[in-house]
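Once you scroll down, you'll see the structures, which are given as structure tokens.
Same chain, two partners: subunit A is paired with subunit B first, then with subunit C.
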Partner chain A sequence: MAAMDTTAAAKWRWGLLDVVVVVFALVPVLWIASLSFKTTGTLTDGNFIPREWTLDNYRTIFSTDQFVRALVNSIGIALIATTIAVVLGTMAAYAVARLDFPGKKALVGVSLLIAMFPQVSLVSPLFEIERSLGLFDTWPGLILPYITFALPLAIYTLSAFFKQIPWDLEKAAKMDGATQGQAFRRVIAPLAAPGVFTTAILVFIFCWNDFLFAISLTSTERSRTVPVALSFFTGESQFEDPTGAICAAAVVITIPIILFVLFFQRRIVSGLTSGAVKG
Partner chain B sequence: MADIVLDKVSKSFPDGTVAVRDVDLEIADGEFVILVGPSGCGKSTTLNMIAGLEDITGGELRIAGERVNDKAPRDRDIAMVFQSYALYPNMTVRENMAFPLRLAKLDKETIEQKVSEAAKVLELTALLDRKPANLSGGQRQRVAMGRAIVRSPKAFLMDEPLSNLDAKLRVQMRTVVSRLQKKLGTTTVYVTHDQTEAMTLGDRVVIMRGGAVQQVGPPQELYDNPANLFVAGFIGSPSMNFLHAAVEDGKLRTAVGDVPLGDRIRRELTAEDAPRELILGIRPEHFEDASLIDDETRARGTEFEAPVEIVESMGSDKYVYLTVEGERASAAELEELAADVGTEDLTGSGSSLVTRLSAESTVAEGESRRIWFNLEKIHLFDPSNGRNLTLHEGRAAGALAS
Partner chain C sequence: MSTDSTTTVDRTEAAGPKGRVPAPRRGRGRVPLSEGKRAERKLGWLLCAPAALVMLAVTAYPILYSVWLSLQRFDLKFPDQREFVGLSNYVTVLSNGYWWTAFGVTMLITVVTVAVELVLGMGLAIVMHRTIIGRGLVRTSALIPYGIVTVVAAFSWRYAWTPGTGYLATLFGEGAPLTERASALAIIMLAEIWKTTPFMALLLMAGLALVPEDLLKAASMDGASAWQRFTKVMLPVMKPAILVALLFRTLDAFRVFDNIFVLTAGANQTSSVSMLAYNNLIRGLNLGIGSTMSVLIFIAVAIIAFVFVKLFGTAAPGSTDEGGRR
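Take a look at the complex of A and B:
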């Protein structure tokens, strides 16, 4: 391995590059945050730092039942879909990584196919199906398609993790008197935990951010999620622009994602399998 | 504790390859048996079949008299130590060792007591609360052994448990394993590719090649009376010297002079299908500096002169490498052995003899020296099938036996 380049010039070069990347990624977010604290009058003054600070926008969104209700829907739907997708994905990925069963190639192929399928082409059929099944505008009506599209992602990420776990550990567990199930629960699953958490984050973000299904398969506050609710925001009069409120809502819905990532990130301990086998 | 019986146990794969062929082996209660052979000889597969990690496709496996072919590993009550140690990285040493006991649903006090006993035996008490990642290779190895002994199983299976350790630690751990097995008196099957481990550890050694058993016996017996060329070449370090020998007028013409033959060997060679060419095998310690031996000893052997290539003085004795001219001994077994050691591409003209001479010998590099070798200790092999012709009723009788 080549030694890391640590000359002063190289440090500057890398530092500059890092700054560019961070600024590029964060400026829009900060801009939205800044807008959410501005008053209606100063909204379009182009200042990055608000001249007049206000929490009015936040009061507005939480005063309407519309937003709070959407927030509850979003959290509920995303959590349920994530849980189910990760549990199913873990089992499927374990089978894909460890077992030889008939139809394994077909399973992997089909899940890849689903991941590649353009979602927009499924919206109309899903709409018709869900209406005739009575799933339209319900939580399950969103949870089901989310699971469908999250599963391939989960299976792929998790089977990569499972493949890293030394085979010998499972053999050792069996020799120690474990059943297949016990070996999985007590030895393999704890080691796959970082993979499970990573997958959970990815799936949660996918469900949380989805707009396409949410706008097509809902019609009322009963199951409308936040990204959709945002688009239905109106000002107090039709001449008033709800920009401030939308920005405040955007900031609010970013918070659960950040919390979710921070919470699970602490559990993604790299090198968890070190010491299991001689490397 | 129990005996293990393999009755024509075989393993073949759906694609037709046969990994293990009709292995018959009776391992007595409390015996320490070593399976040894070059890589790919089927020794690990055999062990995995005893463990239950691989299906047996033919024959029968009995542990304590009971057929266990179709039993899951957990129902066979045997413990295994893996080459990779396979410690559970998310558990401490204590939890690792307690794992089989917890699965057996023992109560907490018993578990605690058994774990601390095992830890004491293996000197792991101070490490009980560490994670495997914070242990050295030797310590991990001991934890793996601790996990095996803690539940007093019917038998131990060990799959090259020392091959990941460095040379010094390996020697040390060898005695630990040996002492532990004697102390516990548990039936043990131990797989290794290292012939030194095989020689030093086992009550009996099983030598395997190409999925079939070549010879079974106590280490010394395999060393003294190898049944065939493969066993002769595999056991012993440095290994036996092999020379091409042509049968002529009741004598053997070889690069180290003519070797007279006794009546018994001569009788065998007069048969219609008897080989005209043989392979002569001489162990390094059966050579001696001709100037150091008395007349009585001299009469039991024959002498030759050869240029000395290299002298390695070990203090207690000298390893002397001699150059001899003449055809190389060739047989499938020898090529396989060379491939296993990784010297198959070392082909020079003539061949080099490894001899072990007394330390008193004044032999020097570059000179030509008279060397004696013991005719009573030599072996003659049939190159076509590797059979040891000097073996009579299981004992090697040398070339002169009548």
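Take a look at the complex of A and C:
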């Protein structure tokens, strides 16, 4: 197969397949972006490319509390959950990758089970538990389940990264006179940073994406995230025809994802593949 | 196992903070634990405890609590009628037509999307693995469906199929595809497949990277066709990766919720079990019935996982994890 790749015909064939993949992946994204730039008059013309361009939809959403609050909630909740999950995940992953202790297999097993856990099964009990604890419709009420479901991802990805770090370097640094702290700061931390960063991106994407918990465990603008706010733009909201506004809001929350993918494509791929498939 | 070989090298730092040199590793059978060994255990537990506690507190306790709730009549609209009713909620749900319709829809979506994704994902994995021109571009584009918020993608599909607004609406003649059961289900599956094929492909690509190039070349020299190389060389090597990808995607597909919520809101019998449980809880405020469905979904997922683990045998992810990367 490798030999055939070099011929011109094969190049064209692969090139064509590439185009198919790119078009298939991007069309829905371009379509919603296109809708968000259409004027009210041309919104329903069915054209893939807007005939008239406008930024009105973006002005509308940023002038309403409904969207701005949701955006603040989304960013805050996702950042806090990501930070906590990555810190706890780093600790556990270090232990899994480097230490020998009974219960390690159990921890890995539990994380695997939680990665496969049907989240909807938690919606009813969490709804009731959070109501009685006063966590319903608050930031912590969403942050807690996000941390829980992000942890397996963090532990798997990070322990795979940590296993690849040449830990002998730490010993070498200490022989050269570095203290434990210096060896960690100057040698190990820089080596571990890319793995931790990659994990943080994956966890953030997970939290940013969630809809089920966000719609079940919130009830007001106090803690509603953007995906939920989007689904409430319809119907009785103040927008006459919410389509343009929904699309503009959808584009806004897609921007961070696009940036991550553009700048960290290689890391995301390596993080996902090392974390999810082992052995 | 290889755990020994990977950890013995660096055992000194493992017990590092305590500054002790651990006893030699071999022959630890009955010998009392050395100081360093004990420190290592303690550190390991300390480091894992917070993660383990959070995970168990937010999953194990609620699922047990929902078993308890499922045995009660508990409707938040009539809170004073709360009482223990045994298994009668289960009888109610399991003898209900809506539940079985939703269960059938969920199974259909799971089976069809996972099967299609396996084929498409394998194709995409090979393209991403083999292509020379624009490799970065292909990988970047393929990651966008993976990363994008499901609700956003679902709205894009919804407007694409809405008559008058969408570029796809008139593809199959007049009518509104999202308001008819068969076409609505097909669109839900399309949206699911679009969103999750890249994830499947990435998992398969990791398996693809394990296929030795020499083996493919040797097979090629011996006159094996491309198809034979694929089925006789690549597939056997990739089997563990394929099973892991299938397991993860099957359980994930079974949870389908976001796409249905946005595309049809469960109208025209397109509800999945997740959708039905959500509706009973949030719209119906019926905690008893909602919890019963939660428990039933949990059991269904456990059965699926069990069947897969039986198929895995020793290739289950948990069991190979100890062996390090390769």
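One rule holds for everything that comes next: the second predicted complex is superposed on the first by the 229 of 279 C-alpha atoms of A that agree within 3 Å, B and C clash if a C-alpha of one lies under 4 Å from a C-alpha of the other, contacts with A are read in each partner's own complex, and residues count from 1 in each chain.
Following the convention adopted for this analysis, a residue touches a chain if its C-beta (ideal position, glycine included) is under 8 Å from a C-beta of that chain, and two chains touch if they have at least 3 such contacts.
This structure is a prediction, so every number in the text was calculated from the model and none was measured.
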| item | value |
| --- | --- |
| Partner chain in contact with A:N209 - subunit B first, subunit C second, else both or neither | second |
| Which of subunit B and subunit C A:L17 touches, first, second, both or neither | second |
| Contacts of A:T82 with subunit B and subunit C, given as first, second, both or neither | neither |
| Partner, of subunit C and subunit B, that touches more residues belonging to subunit A | C |
| Which of subunit B and subunit C A:C247 touches, first, second, both or neither | second |
| Touching partner for A:K171 - first (subunit B), second (subunit C), both, neither | both |
| Subunit B versus subunit C as contact partner of A:N57, first or second or both or neither | neither |
| On subunit A, positions contacted by subunit B and by subunit C | 168, 171, 272-274, 276-278 |
| In the complex with subunit A, residue positions of subunit C that touch it | 3, 6-7, 9-10, 12-14, 16-17, 40-41, 43-45, 47-48, 50-52, 54-56, 58-59, 61-63, 65-66, 69, 124, 127, 130-134, 136-145, 147-153, 155-157, 159-160, 164-167, 169-170, 194, 198-199, 202-203, 205-207, 209, 213, 216-217, 220, 226, 229, 240-241, 244-245, 247-248, 251, 254-255, 257-258, 261-262, 273-274, 277-278, 281-282, 287, 290-291, 293-295, 297-298, 300-301, 305, 315, 317-318, 320-326 |
| Residues of subunit A that touch subunit B when the two form their complex | 166, 168-169, 171-179, 182, 186-187, 190-191, 271-278 |
| Subunit C-facing residues of subunit A, complex | 1-3, 5, 11, 14-15, 17-18, 21-22, 24-26, 28-29, 31-32, 35, 43-44, 46-48, 88-89, 91-92, 94-96, 98-105, 107-112, 114-129, 144-145, 147-148, 151-152, 155, 159-160, 163-164, 167-168, 170-171, 180, 205, 208-209, 211-212, 215-216, 226-227, 230-231, 243, 246-247, 250, 253-254, 257-258, 260-262, 265-266, 268-269, 272-274, 276-279 |
| Subunit B residues touching subunit A - in the complex, by the definition given at the top | 51-53, 72-74, 78-80, 82-90, 99-100, 103-104, 131-135, 137, 140, 147, 151, 157, 164 |
